[in-house]
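Handing you a structure now.
Letters A, B and C mark the chains as written, and numbering starts fresh at 1 in each.
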């Protein structure tokens, strides 16, 4: 009797240990990712790159041209403009998609009659799970021709429609479902008695929705925005299809072609070693840093704003 | 004789098929505290919510009969509900301060009506907080979040918030049921003071509370008013047996 | 006093208007996606798309023998655009290829037709057959001008039928543009990824929910896994080429990028989702059940695997569906790890394209093949829809089994 009990609990220890091992492997992936990319990405700056010389860190971080000189000959890589482009485009995307997304969520949660609201909710959920390449396809097929025409009639040149505007449109299209879905849940969770109190004080339903409901849901809404920003910063294929992949910049004009960190990463992977290959890992490091910093900063702001009043 | 601020005649209300209120005729007299008592689910809160047309917010509600405020009908499409709610304020069962500062909570109502002047708002907020007997406790922290106050303080804040609109009538739906005895007592004292300037209609589960603070009492049972009269008479000499049974605790 | 309806403030109109405007913008913009994909995608939708090769293989052949007979042909007279060549026992159809160009397509080949077992003129092969579905490029004759597919199927057929013409050489090819290779790749990837990631994820979730002590180590581990969700997929692509490709090259017959490395990369991508979803469904299982099992003398392992885990099955199902959805939709990571070269024969030790990457490959071509991309996108959308519905259903199952 005693013996069998001991072997059963021995099994527990063994299994527990095995499972812990598995969990540790799972937890280590982020470390593996960071390490390998960091190591590979640092190489261009600290080694001689097979006789070509090392890449200047400062130049890499601030230069406005991707590569001055020939590939596999020059080390004058510059990613400065790409970083600025990425942040600029993410900013414009949030500017466009955040209001639309939040107000749509308000409509679904508070104004739409129940069956319509339910349908819209399901559709938004579906849209949030559409792969990004499909958005890229629609961007190319739908937005590029239209933007090309508009640019032409306004007298601007655009790379056949590939532009900052196209990129922002495509990213906004991807962000709106996410923002709407998260905001809608937060808005629905707002305590009804707050809204009733507002109405009982003689405020109109519209005033109540904007002054009280949105205020009470602001924490959740902000989280949705942070999520959308993260996706916009990291999106690769859709952006690469409509941005025009500019080799220099930064591009601030709406009709100018542009390039983001991710779209540059996707371009021209020819060899599997050499400086042109390694430099993409350097871009990878920059991407991770940009995302982490943005996340951190936005979450910081969120907590600050959230703490002020309830 | 006594001035009727609100008068209801044959008020009936249906939630879909369910008849929640049946032929309620009840006067509310100015500067008096009218208590609505009765077992749960008998229509007291529903009736209260008719008086400021908060029932409009619920789907499938049908109201028949007449409600008059200062002689003028309150039902009907031509009536501006928002104006009505400015004159007939409400305090809810569970304190529900907005996630804003104390000042902003009290100033909310006036602000939505378009008052922007800082000095005027300060005056309104101070007056309302004093009337709600809260001013001295919060005068140094008006910019702090209202959610940091205690339960009793929050409820007094909600009262101040309603008073900032300078209503004629204050509807209170079980305002002390979520509070401890000390806080309850403070609010009851407050009601005694407030009735000098306002008319108060209070739904309460506690007969003792009704007996303590109200001038008139209406006993609701299954959607009807069984009896209405001076509080002193209802509790001392109830005319209806059902009233007597309820008051003596035979059911509740 | 308040009998007059208050005048509606301008700000009110603006605010309400902005809500309506935003909603309409959302509906229009998002509706555009559906409409565009459906409109563009349905034009090329047909069965050959799913079964055909992408790369159109070309064939050159000559007939072994001239035909001396006319063949018994089935009656095609009521089928539009089909023209019979009785002399050789084949029937040709006026058709469009998957890029929308007009082609002469083989509709029928009589089993005794000399177009079977022709002499191939290519190096290294001896015989070749003309199969249904293939397209004729050109037939050259002795002393007569060639029949060209450009002229249309009817002209082609009547020229071929002409007893005066002696056939010299036949140029034909596969239809091409098929996505069979990408479909198979996608299925392989889903299969391999799930086999790796689901057990891995479920067991890890079991560890966290049932075995792990509540200390800072566990908390850190959880954090590390949670951070994975914020990593963009292109970074996983980098992980794939630095870690998984060399790994698979070392331990398998693979020489370069391969599907196994792709599956490994995808596994890491979907791992956090599987862990999180499984953990949630484990949490929902009431503690009473665990207590009852332990009180009966079972150990933790038995309790977990015999009592708790079965109840968490709907959640694991949900996680699996979510994983499938992610695998199908993933593009950036796979472009890195597997490249963007479309293959017709799929080998797990070699690179290939999934459906999503196939779209990328065609969109980055010159000129971009929007029509075919849209059809694939339509297929992907349909699958995503099915998966979403499946997730919803399994969530319903989960909530029924819960409290």
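General observations
Heads up, the rule we're going with is that contacts are C-beta pairs under 8 Å (C-beta built on N, C-alpha and C of every residue); 3 or more make two chains touch, one makes a residue touch a chain.
The structure presented is a predicted model; accordingly, all values stated were derived computationally and were not measured.
Central chain by Cα centroid: A, whose mean Cα position is closest to the mean of all protein Cα atoms. By number of C-beta pairs in contact, the leading pair of chains is A-C. The chain with its CA mean position farthest from that of chain B is C. Averaged C-alpha coordinates give centres for chain A and chain B that are 50 Å from one another. Inter-chain spacing, taken between the CA centroids of chain B and chain C, is 64 Å. Averaged Cα coordinates give chain A a centre that lies 25 Å from the centre of chain C. For chain B, the set of residues touching two or more other chains reads 82-83.
In chain A, the residues that reach two or more other chains under the touch definition are 204, 207. Within the complex formed with chain C, the chain A residues making contact are 5, 8-9, 11-12, 15-16, 19-20, 22-24, 26-33, 36-37, 40, 99-104, 106-108, 111, 120, 123-127, 129-138, 140-142, 172-173, 176-177, 180, 204, 206-207, 210, 230-231, 233-237, 241, 262, 265-266, 269, 272, 280-281, 284, 287-288, 291, 295. Across the complex, chain A is touched by residues 52, 54, 57, 82-83, 85-86, 89-90, 92, 94, 96-101, 104, 108-109, 112-113, 145-147, 158, 161-162, 165 of chain B. Note for the complex: chain C touches chain A at residues 12, 15-16, 18-23, 25-27, 29-30, 32-33, 36-37, 40, 200-201, 203-204, 206-208, 211-212, 220-222, 224-225, 227-228, 230-236, 238-239, 241-243, 256, 268, 271, 275, 297-302, 325, 328-332, 335-336, 356, 359-360, 363-364, 368, 370, 373-374, 377, 380-381, 384-385, 387-388.
Against chain B, in their complex, chain A makes its touches with residues 191, 193-194, 196-204, 207, 211-212, 215-216, 308-310.
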